[in-house]
Amino acid sequence: MRYSYYPGCSSEATAKANAHSIEGVAKALDVQLEEIPDWNCCGATVASGVVGDFTQLVVTARNLAIAEAKGQDVVTGCSSCYMTLAVANKKFKEDEHFRTMANEALSAAGMQYNGTLQVRQFLDVIYNDVGLEKVAQKVKKPLKGLTVAGYVGCQTVRALPYEFDDPEQPVFMDRLIEALGATPADFPLRARCCGSSSTIPARDIVLDLGYKLFESASSGGAQVMVTPCPMCQLNLDAYQKLVNRKYGTSFNIPVLFFTQLMAVAFGLSPEAQALKYNIVSPHGALLQFAK
Amino acid sequence: MEKKIAVYICTGCGIGDALDIDALSKVAKSEFKVPICKTDGQLCGPEGVALIKQDIESEGVNTVVIAGCSARVNFDVFKFGPDNIVERINLREQVIWCHTADDEDTQMLAEDYMRMGLVKQKNMYVPEPYQVESFSRNILVVGGGLTGLTAAVESAKAGYSTILVEKDAELGGYVGKMYKQVPMKPPYTDLEENCIPNLVKAAEDAGVKIYKSATVENTAGAPGMFDVTIKQGDSTVQERVGAIVLATGAKPYEADKLGHLGFGKFPNVITQSMFEEMATAGKLEASKVAFIQCAGSRDQEHLPYCSAACCIESIKQALYVKEKNAEANVYVYYKDIRSNGQYEHFYMKAQQEGVVFVKGDVTEITEEDGKLTIEADDKTMGTTSLADEFDYVVLANGMVPTAALGDLVEEEPAADEAAAASDEPKASTPPVIKANLLNLAYRQGPELPALKYGFPDSHYICFPYETRRTGIYAAGVVRAPMDMLSAVEDGAGAAMKAVQCVEATEMGQAVHPRSGDMSFPEFNMNRCTQCKRCTEECPFGAINEDEKGNPLPNPSRCRRCGTCMGACPERIISFKNYSVPMVGNMVKTIEMPEEDEEKPRILIFACENDAIPALDMAGINRLQYNAWVRIIPLRCLGSLNLVWINDAMGGGFDGVLLMGCKHGDDYQCHFMKGSELAEIRLSKISETLDRLGLESERVRATTVNIMDYDKIPAMLDEFAADLEELGPNPMKDFA
Amino acid sequence: MEQKNVFSEPVKYDLTFAREIFRLENGSYIKQCMNCGMCAISCATRDVMDYSPRQLFNLIKLGKKEEVLTSNTFWSCTSCCTCKARCPRGIPIIDVMHDLKKYAIDHGYTNYPQAAFYKAFWNEMSVRGRMFEGGMTARYFLIRGLDEILKAMDMKDVGIDMLKHGRMPLLPPKKIRGLGGLKKIISKAQELDRKEAR
Amino acid sequence: MANKSILVVGGGISGITAALEAAEAGCEVYIAEKNPYLGGRVTQINQYFPKLCPPNCGLEINFQRIRNNPRINFFTLAEVENISGQEGNFDVTLKINPRYVNDNCTGCGKCVEACPVEVDNPFNYGMNKIKAIHLPHDFAFPMKYVIKADACKEAGCAGKCAEVCEYKAIEPDMQSKTMNLNVGAIVWATGWNPYDANKLSYYGFGRFKNVVTNVMLERMAAMNGPTGGKIVRPSDGKEIKSIAFVQCAGSRDENHLKACSSVCCLASLKHATYVREQYPDAEISIYYIDIRARGKYEDFFTKVQEEANVTLIKGKAGEIEEDQTNGQLVVIAEDQEAKQVTRKSYDLVVLATGMAPSTATAAIPADMAYDEDGFVVPGAGTAGIVVAGCVKNPLDVASAVRDATAAALKAIQSTVRGQ
């Protein structure tokens, strides 16, 4: 299984744990990820607010244009990158007028994209291409007794609603948690927004939404929360302290990338587990598994 | 032909265990001297049926009495051809399943039912179908608009000669004058070219005989033999037709009454049809137009109903404006957008084209320099909104059926004798409006009776083409407010009913709801007293009168409910297989225990459409009730003749209960007024009963619908308890 | 939650502004709103929005330009896609919100801190082809002024945590090799975009 | 050679009507119905709007018409497998699925007492249990029992019912069979399915016990339904003090059913009358976008507003939350006239799910055209196959009957043209 890999900007900074754990898990599952050469920032959901959708999508599509030479599905571990890449891709496939215009813009740098690729999330690859059976086979330390809130977040399932799973109450993350031997927490807000893009300019939004998520997860008995999204992870991990301060709560829920949890269950190296990057310490909760 | 009777008693399903079959057989063999009486363990099984068939073939049996399950089941198993009478005695659902097994009273009940069944078959004969003379298969369609043209084309395509009468010089009606029409097919987003020219051509191609600038001056006769006088200019033509479709359409609601919306005050406040005219004439020049929905409709002071078509018609007209001038500003003020079904796509299309929809009540319209301003409450913003500089304000002014345009037929002044009895309660009769559409030569008025708001619609959800004038079917917007898509279907549907009426009439059969029934009422005119009750009470206007007040029956208009039979005080009306003596003898054959036996008897007349199935259901659910009751099914309670009650009370019955359908505004009687008429008749004898020293509470009417089966045991047992309190019928010992 | 009361006086319908908005990339979708209100409930930030998306669309149709552009609705949008996934009329609401953000920035309505954040993000991204969060944050505070930094002092803890856990590199990533090409693409795209809008 | 016979596929109200109208005009008609009984979805309706009368009443009349008409033959448990030929001369292959009960069945019901296997009752949308051998419902026509054989197999029952049946009516080994018909025209009237409420995950159907659908409420209100006609909370059987109706649950929705389903507004207004009759003081709310009581149905809307004291809230219900401690549901909506987002608590929430045409999931085995929601495009595709009722448009009962009557005439035309 070979894919073109789009790491996204956060992989080099706030979400190193994501990059490392994806790398480790991919290797363990015989998934080859080839980084797209000289990839550029996708613009997330922000750039279009400044330069408009079209420019943003073209900027994003530069990455697809580069990847098209290999003809492999493009995989990303970031939900925001996924959204921009997948939406751009869909436009190229379905909207002829857009394709013509966008290629005109790309041609300014001698590029073009014909819409031949698929854009995928790493989670999708694990769930649908690798399969949970193989995942379960790789588990060396079943996470027995660990209750995990599978926080899918917003864009993962709603970038292209219904194409992957139910956009409101997705189930794949819980199935994956089960495959690792852990117990999924009852967590109705599993696909609600954490407010990430407001972190800097409107922090209260983030704290309020974060509070609701922690409240829901902890009343579902969660000891750990996992997510596929670098923004969610950052928000919920780094700002948990501020949530506690604002609401007078004492949440202490480690927030991991789901690939980190996989790395733990697979018994991979500490580099792949990448737990040192976690601000809310996961060591207590994972003591018996992370050796 | 002489009857050769055979009785077959089924002992299956527990009947054999619950009843003394020998004793039951004895009733047939000894009391009634029935030559053949056999029992079988499963009469509906192949062997049981073979047994009956063999007797028919080798023994010449032509009257088969089957005592077993309800006639509602195994109907197909016990079919032995049209020449043989089959009578079913319900020992299962109405005896053993709802009464104690192996019990004296249950046994008496079963034996009585055996007697009643045998008496019934004795009093019935195979009906001979009524044949119309100079029968016509032609279909007449009155009204040459969208619905009428459709009805004409569709019936012609089915192979029937069709005649179309249109009052205007051109075919097409309201739709014919439209610039374009709403979409009639997926994706339901695009304006379509007016379909009328193609439809007119189709009518011509199909050989429809068309009278233009013509009206129907008189319609006499009955299905299969309607004689229609068509007036065209100064000349008149006679056509004989088999059935009629009324498709005279609707008129826009009078805009003069919409002064509060500026009509009449400001010249640029116009109606939907005026706007249509403008578009057709190519004179649509506007950069800002508002449409006001429910102008008159959904308004208790104007038209309380919704006119159904206006929302999508306004959407269409809004698109006219946009088609002509994409930059034009178009607003639609609405209460609810009713783009039902796939017309949701049409609504969205208009929005995509930039038409702005405002949910709000228009509070004021003013004018300055020929430009109009609208003030409204914007409900989705919770604010008062103003919009000005309108070139036109178009009122979606709804529709009024042509059947509603005219004066009400006044009740004719009561004749001298009848005047004396005028304080007697009378069934309400549906209004007939002199709308000058069909000019029926019917005793009960010249047009189809109106339901509500003048629409001659059906009252039945399951039977939208139910009509109170057999063979005449209303279709399109004269029948009910509807959009074009519905009107087209409605035209075809009404044509189907007309075609069917012709076919059924030719076979001498009734149409819905007693479809296929060949019996019809016969009048023994020697004893008629010209009381006119039959002509007044017939729900279908089937009976005309001569000058002396003698009834003139029209059997092909008849729906065979028997209301006339029930109404007749002289008992001169009977059907071959349903008559006053038949039921009367059934009542009389019931064994009446002596008073000291303390076995009351309660007679029940039950409507066979709802009450009888409900009684069966009570049995199927094994609900138990007293075994004093003796149930006689009636075609409709309207056929209840008071003499039966006289017979019952005189014969010692402790009480009589009528079980009929719900009446009132939402009546459920399949013959309109049957249960209501029965109750009125009952009220007339209560005084007599009291005078005889018989408490009138002994005779009661109740309404039962088919789902009331859970309530039936209590209903019957409470009545029995009430009667017990009253004590036995004092007439018992005289009987 | 009580929504913002719109107007006490009669409001005059004027479609001039609406037509301008309809011409934005996703603006024409606004036209097909049927006022169901699903968006108002779906929104993650509905508690802070002054107008629900539906109300905002109505304001646009009413011609209330000032009210629209000074509202916090589109700036509060976190692009969580819930409204877009649910809208029964298929309106890509978050994309409309992006259009409105752009329109507001283009027309100088930049009082909300989000506007500064958006600009900072784009500027940081377009100078090296990749995002450097440190640089973006610096740009943000440069635009917003010192006040904001003071208000954000309790962020200090967060910053220290992130530094401690190796999640806040102080040096930016390298520029991408194809930065020149990317810039050309951007300017060409913007040129085409402007042409298309006309 | 002309073939005057007509096959009607679907024995619901549309199919029965088309069949009867054609048969009463003299045609030979066959009805093929996939259920073990005729009547279709209307058999599951408690009352019709606007008259509030029981559908079984009209069905009884129609069954009476079928009983009395020698020109109608019907097959239950029948599906059309193949259609070949053309207008005037179609060869149709029907597959008759096994009932496991033969014509000897007298309907006595002894088998039910003996049957040890319980299954979810499909007639009541699984809200109660019935035996594996059962009468599909009280009014089942024909009144013959049927066996859910896979449940017997699963339970390992070898046929206790067969042992007690005195009439040898039970055939556990009954096989499906095929039969061929030659007909002049086909009326396709396979009706609709309620839209799958599980797809509306924001309303919690399937997760919250007290969120039900309109078709389920219809059964709850029916005297012969799972609760004996009492509208109560499924979670605890308690009486209700408040109820919310959520309109357009799936309809008028580009993500679900794009069209309006036409009947749901009136159905919910009708349901309000059910609730009001049982609970004079209950709070009844209807969350709506537009109330679509077209034509004379407006009277019903007016009447319900006046008599049933219903609160109409302009604003589609956005989300439903459940209080896990007591099963109470919170409906969150934008009350547009009040200009606020409201969170109101209810005992029971009814989703007014709409009509998905049956042809969206089971296409006609012939060349036909469909619109984007799966409704059949009338007048396109194979000539001689006429569509009727809700496979064509979302229709209320009266309109479906009208449509079916029209379809009968078109089918007759096909037999005439085929001559």
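Lettered A, B, C and D in written order, each chain numbered from 1.
To be clear about the criterion, a residue touches a chain if its C-beta (ideal position, glycine included) is under 8 Å from a C-beta of that chain, and two chains touch if they have at least 3 such contacts.
Bear in mind that the values here come from a model prediction, so they are computed numbers and not experimental data.
Path length between chain A and chain B in the chain contact graph, taken as the least number of steps between touching chains: 2. Of all the chains shown, the one with its CA centroid nearest the global CA centroid is D. Taking each chain's centre as the average of its CA atoms, chain A and chain C sit 22 Å apart. Distance between chain centres (mean CA atoms), chain C to chain D: 47 Å. For the pair chain A and chain D, the distance between C-alpha centroids works out to 43 Å.
Looking at chain B, residues 337, 359, 380, 382 sit in touch with two or more other chains.
Shown for chain C are the residues in touch with two or more other chains, namely 5-6, 34-35, 54, 85, 89. Counting partners per residue, chain A has 161, 167-168 as the residues that reach two or more other chains. In terms of which chains touch, the assembly is arranged in some other way, matching none of the line, ring, star or all-to-all patterns. Touching chain pairs in this entry, ordered by label, are A-C, A-D, B-C, B-D, C-D.
The residues of chain C lying in touch with chain A in their complex are 24-26, 44-45, 47-48, 75-76, 78-82, 84-85, 94-95, 97-99, 101-102, 105, 112-114, 116-119, 121-122, 125, 129-133, 137, 140, 152, 154-155, 157-158, 161-162, 164-169, 173, 176-178, 180-182, 184-190, 192-193, 196.
Interface residues of chain D, counted against chain A in their complex, comprise 201-202, 207, 255. Those residues of chain D that touch chain C in the shared complex are 202, 248, 252-256, 289, 315-319, 332-334, 336, 339-341.
Residues 329, 331, 337, 347-348, 351-354, 356-359, 375, 378, 380-388 of chain B are the ones that touch chain C when the two sit in their complex.
Residues of chain A touching chain D in their complex: 161-162, 166-169.
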